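Multiple structures are listed underneath, in structure tokens.
Shared chain: chain A. Partners: chain B in the first complex, chain C in the second.
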Partner chain A sequence: MILPAVTLVAALQIYPTLVGIWYAFHDVNLARLRLTPFVGLKNFTSIFAGPFPNLLNPVVAVTTVWVLGSVLLQVGVGLGLALLLQQRWVKGRDLLRSLYLFPWVISGIVVGYSWRFIFDPTVGLLNALLIRIDMAPRPWLATGPLAMGALLIAATWRSAGYSLVLQMGGLQSIPEDVYEAAAIDGVSGIGLLTRIILPLIKPFILVNLITTTVEALNAFDIVLALTRGGPLFRTEIVSLYMYHQGFQWGFLGKAAAVSVIVYLVSAIMILGYVRLLHEEEAF
Partner chain B sequence: MMGTQGTRKGRITRRTFLKTAAGAAVAAAPGVSLLPKVYAQRRTLTIKALVRDYTLRLESPWRTAAVELKRRHPDVDINVELDGSPYDDQRRKALISTQAGRGADVIQMDNIWLGEFAEGGIIQDVTARFEAWKDKDDVPPVYLKTSTWKGRVYGLWLNSDVRLLHWNKQVFKKFGLDPNRPPRTWNELIAAAQKTTNPPNSWGYVFPGGQAEETVDRWLAYLYQLGGSVLNADNTQAVFNSEAGVRALQFHVDLVNKYRVTPREILGSQQDELVNALVTSERFAMGIVVGTGYRPQGTGEYKTPEEFARIRGATILPVPEGGRRATVMGGWILTVGRNSANADLAWEYITIASSEAYAREFWQKQQRVPTRKSAFERMATYNQVMPYFDQIAESVPFARLGPQVPQYPSFLPFMITGIQRALSGEMPPKGALDQAAAQTNDVLKR
Partner chain C sequence: MGIGRASPAWKAVTYTLLIAYAVFSVAPLLWVLATALKPAAEAQRVPPTLIPSALYLENFRLAFTSPVFGVRPFMNSTLYAFGTVALALVIASLSGFAFSRYRFWGHRTIFLALILANLMPGVAKLVPIYIMYSAYRLYDTRLGLVLLFTLAVIPLGTWMMKGYFDRIPQELEESALIDGCTPLGALARVTVPLVAPGLAALAVIAFMDAWNAFTFPLILTERQALKPYTVAVYGFVGEYGEVQWNLVSAVAVTSVLPLLALFVFFQRTLVSGLTRGAIKT
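This part shows the complex of A and B:
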């Protein structure tokens, strides 16, 4: 009964994973796939200590800033919006929720190019606007910090709606009498948020953290469209580095070595999150 | 169950017997057929062509060439399948599909992939076919030389392109410059750019500085003008960090940081956006473009070549004092894929598609540089539809390509990084190029 499922998993997941691992220990080039000598750990040493750019300079640092920034901004903005929409005085809640969710269904490449029209430092809309109001144009996308900032803004715009929906689910799961009891006890504002709401929706936040982290680690299209990893590889996140190694510069073996590292890091992170969730459920 | 038509209780009826016998007699009779002989012998051949997406906008060259190919082979049903791809996908598709044994018969290849594709066995050696081809003398020597790898011919150029200096005559006029006199030297370029710079709205000169190949491409033009090269003669060592390379890069750096005629923001901009702004607005007075900047299929801002030439100019690149005329050339070569089962037909198809008769409309309407002598012999015809075609034709003889070695895609990022480091002020040009050259040498050693 389970043979078809096992076959599918083996063909679509296990086999490509094993081939990827095999590639990681061989010199594999797109133009000569028939000649793939075994190179041991050379691909791994090269991606860590080879010529710039490598994982240690600056890919890991860039990826860390990107993942942390994306996760904090997306979950934070999503939660903030969810709290806002939860207020009784907000009208058209369903419409607003749909509007916030809308960017999430747009493909990352479209989002990236759309924001590129805005952020392009020489011909973009944002600088045109600044010039029009007699302000100095800024070198968006032309310096590392500003390019990363632009990326985070675009990514947050795209994915905060998803966090909003998830967090709203959490907020709606809190019974009304909890709020009433809090009001009777004189708990409101920040106290209500930190002592009552956040602990109660913690499982939702954790799920949101997991999905956003995985999404940020696997992000590719939006960065490719918006910055291509530039300037000077200051936005070269790990997935883009993998793509460049394999398909742009022709080193499939090194790209596979990067993918093995990413696979391991993702697995460790997911296991950590799952453990946290279990602890939460046990509690 | 014995219900088969023509039998009754297992016996053959008289009608069935007669029909079967008559059919057998006709089939057996030598030279007797109800069908024309040609039809009976027809076979179907499929030619798959992996081409760039923009080459499919017109009937020329692919579809008109397919019609001609079919006309030449009336005894065969030829099915031509055209698959158009953007730049990056083109290379990936060509490499991966060929390695998987399902590669196209015809592969349109960027000239800089020649070494990689030839060494990797992605494309077929067509030397014998080329030598036997009756029109081989129509191929200009520069295009024959640049489709040859280690003495073997690997294809025919479909089109090329050269880099020219594009200038905005209206901006020149506005800033008191003669609109019909573009700069001829680097010093004149600096002077004109300084006069036409009024930041942040108006800049004298623009070139791409982003994380892409074109950043290197523009610098190469100036490197070549100073007598420099990317690699040594036998392609074993990087020499782009020579005095010529450093001086060429210093020129670019000075345009940004010393003369401040180019916005530093080019580090974050991509070629398409910059060229679009250059040829459609008054934001930039000058810049290097691929071709002339005239895009009849583009935004339609200039309806005719005359209207374009009234407002815009395109000319041979300014040269440094003591330097020589040079520019960068790019373009596409048509090749026969390794997996082609119909290599002769694929070769014939590319000879037709790249010929003056069948590529002319494509060259003219998409402003591509022809790659056949017969086109350059009809200058007047081309001049009518391609503004500044005389400048293009004049540039071709001294145009040079980027390196065609297999390792080029692998060391290109080092060159891009070196140039960006110098432009951003992170490193001096000499140090940035030395570092890139050392990294390139490591790649070349492998």
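This part shows the complex of A and C:
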């Protein structure tokens, strides 16, 4: 009964991962898939120290800003909205949650193009609004920091609702008498938040942090549609770098070497995830 | 639920923030919808109009009759999505059932491997999948794409279905067996109807996943006739040059409509599936 599932995962997930590691040490390219001489660490030296752009300049830095920025913004905004929305007297909770969550189901490519159109310097919505309130229009996607900011806004717009749903699940898991006990003890406001609520939903926050991190490392379509890695590779995150090396320039071996690095980083995070789940089961 | 009392000032702050974020969530969608209803000349105007001057549906006709876009991409996406839903439902309910009911050799390890394998970033296997698909004639085929889309939801699906099966008392199946059902017959006639909500949630997730898939179809399709709408719209916008935003917006609106329908009907299922799936088995 588990055979179809196990076969699929083994054939299209585990086997490709292992083969990918093998390719990382061979000279494979798009024009010549079969004959693949062993080249040792050449692919790795070339992705770290080859001509611009390479991993050290600027891909790792760009990816770090992207991953940290989108994870903190998504989880932060999601948690903030969940705390606000979860207050007992708030009306229209279900409607608001629906509005927040809906962007999450839209495809990354459509999200990317929609926001590229909003940030478009001439026909975009943002500059139109700025002109309306007598402020200067800006070339939003033309400099590195602005383009990265635009990406982070688009990613948060898309995924904060997902974090919100998870964090509301966390808040709903807190029994009502915890609040009653806190009220009796005179704990409220910031004290209630930092000393009682946050520690209680910590597992939800941690799980959310890790799933969003994996998702951010996996991001591809939204960035390709919104900035294409530009201007001048200033938003070239690791997945785009791999795609460009492998499928635009044809260096599949180099792209496979990039995957190995991505696997290593993800594996570290997944190990953290496993440990976390084990700790969860312990209490 | 939650904190009970609040001062009027805090209530005002709360509602302001909540409504401001709701506007932020909705505005981009309305902007794209507005553009989809503008004639080309109005969509290019600087500065742009916020509300279209008239309800203009010509963009949809233009996009769907255009030789570079057309109806085909959406038909392809629909086919892939339904194919994925069908395969995922069968495969994940079988494996979810097995993990819920049987204690076979290595069941914990296999289950954990299934879940963890899925956490590895899919993007990282672009190169090996491309080479494998070229070697095994799965490159540029519908089957190859549907298999990958199905794989993407199998681990989560197995996990979810195991959770639903866990909550059904085994006595129900046993009595069906005593009454002369085969194990598969008991599964089909007794158990499956009881896990229908789980199947619905899985179907919705599988549909959305396959409908929105972009990366693998981008590198694994050659023929225009096989491209889903995501890849077709990427080619339609192109790398350089003037973008016809009115037509792209029409395509974007069309792509969102089925998602909106699913979201409206299955939101509760989706939310409970997400909350449960993210935390524990």
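Miscellaneous remarks
Convention: the second predicted complex is superposed on the first by the 261 of 283 C-alpha atoms of A that agree within 3 Å, B and C clash if a C-alpha of one lies under 4 Å from a C-alpha of the other, contacts with A are read in each partner's own complex, and residues count from 1 in each chain.
Operating definition for what follows: contacts are C-beta pairs under 8 Å (C-beta built on N, C-alpha and C of every residue); 3 or more make two chains touch, one makes a residue touch a chain.
None of these values were measured; they are calculated from a predicted model.
In this overlay on chain A, chain B clashes with chain C.
Of the two partner chains placed by superposition, only chain B is touched by A:Leu141; chain C is not.
Of the two partner chains placed around the shared chain by superposition, chain B is the only one that A:Pro51 touches, whereas chain C remains out of contact.
Residue contacts after overlaying the shared chain place A:Phe233 against chain B, while chain C stays out of touching range. In the superposed pair of complexes, A:Phe102 makes contact with chain C only, with no contact to chain B. When both complexes are overlaid on chain A, the residue A:Phe247 reaches chain B and chain C alike. Of the two partner chains placed by the overlay, only chain B lies in contact with A:Arg32; chain C stays clear of it.
Within the superposed three-chain model, A:Ala225 lies in touch with chain C and out of touch with chain B [touch as defined at top].
Of the two partner chains, neither chain B nor chain C is touched by A:Val187. In the overlay built on the shared chain, the residue A:Thr122 is in contact with chain B and with chain C.
One of chain B and chain C touches more residues of chain A, and that partner is C. Once the complexes are superposed on chain A, the part of chain C occupying the same space as chain B corresponds, among 165-173, 237-245 or 255-263, to 237-245.
Put simply, chain A uses residues 33, 120, 122-123, 127, 131, 228, 247 to touch chain B in one complex and chain C in the other. Contact residues of chain A toward chain B in the complex are 29-34, 51-53, 116, 120-123, 127, 131, 136-137, 139-143, 147, 227-233, 244, 247-251.
Interface residues of chain A facing chain C in the complex, by the touch rule stated above, are 1-2, 4-6, 8-9, 12-17, 19-20, 23, 28, 33, 77, 80-81, 84-90, 96-103, 105-110, 113-115, 117-118, 120, 122-125, 127-128, 131-132, 157, 161-162, 165-166, 168-169, 171-172, 176, 179, 183, 188, 192, 203-204, 207-208, 211, 214, 217-218, 220-221, 224-225, 228, 239, 242-243, 246-247, 252, 255-256, 258-259, 262-263, 266-267, 270, 273-274, 280. Residue ranges on chain C touching chain A, taken from their complex, read 1-6, 11, 14-15, 17-18, 21-22, 24-29, 31-32, 35, 43-48, 50, 90-92, 94-95, 97-99, 102, 110, 112-114, 116-132, 134-135, 147-148, 150-151, 154-155, 158, 208, 211-212, 214-215, 219, 230, 233-234, 237, 239, 243, 245, 248-249, 252, 255-256, 259-260, 262-263, 267, 271, 274-275, 278-280.
On the side of chain B, the complex with chain A involves touching residues 88, 92, 95-96, 99, 116-117, 119-122, 200-201, 206, 210-212, 263-270, 273-274, 276-277, 283, 406, 409-410, 412-414, 417, 420-421, 424, 426, 439, 442.
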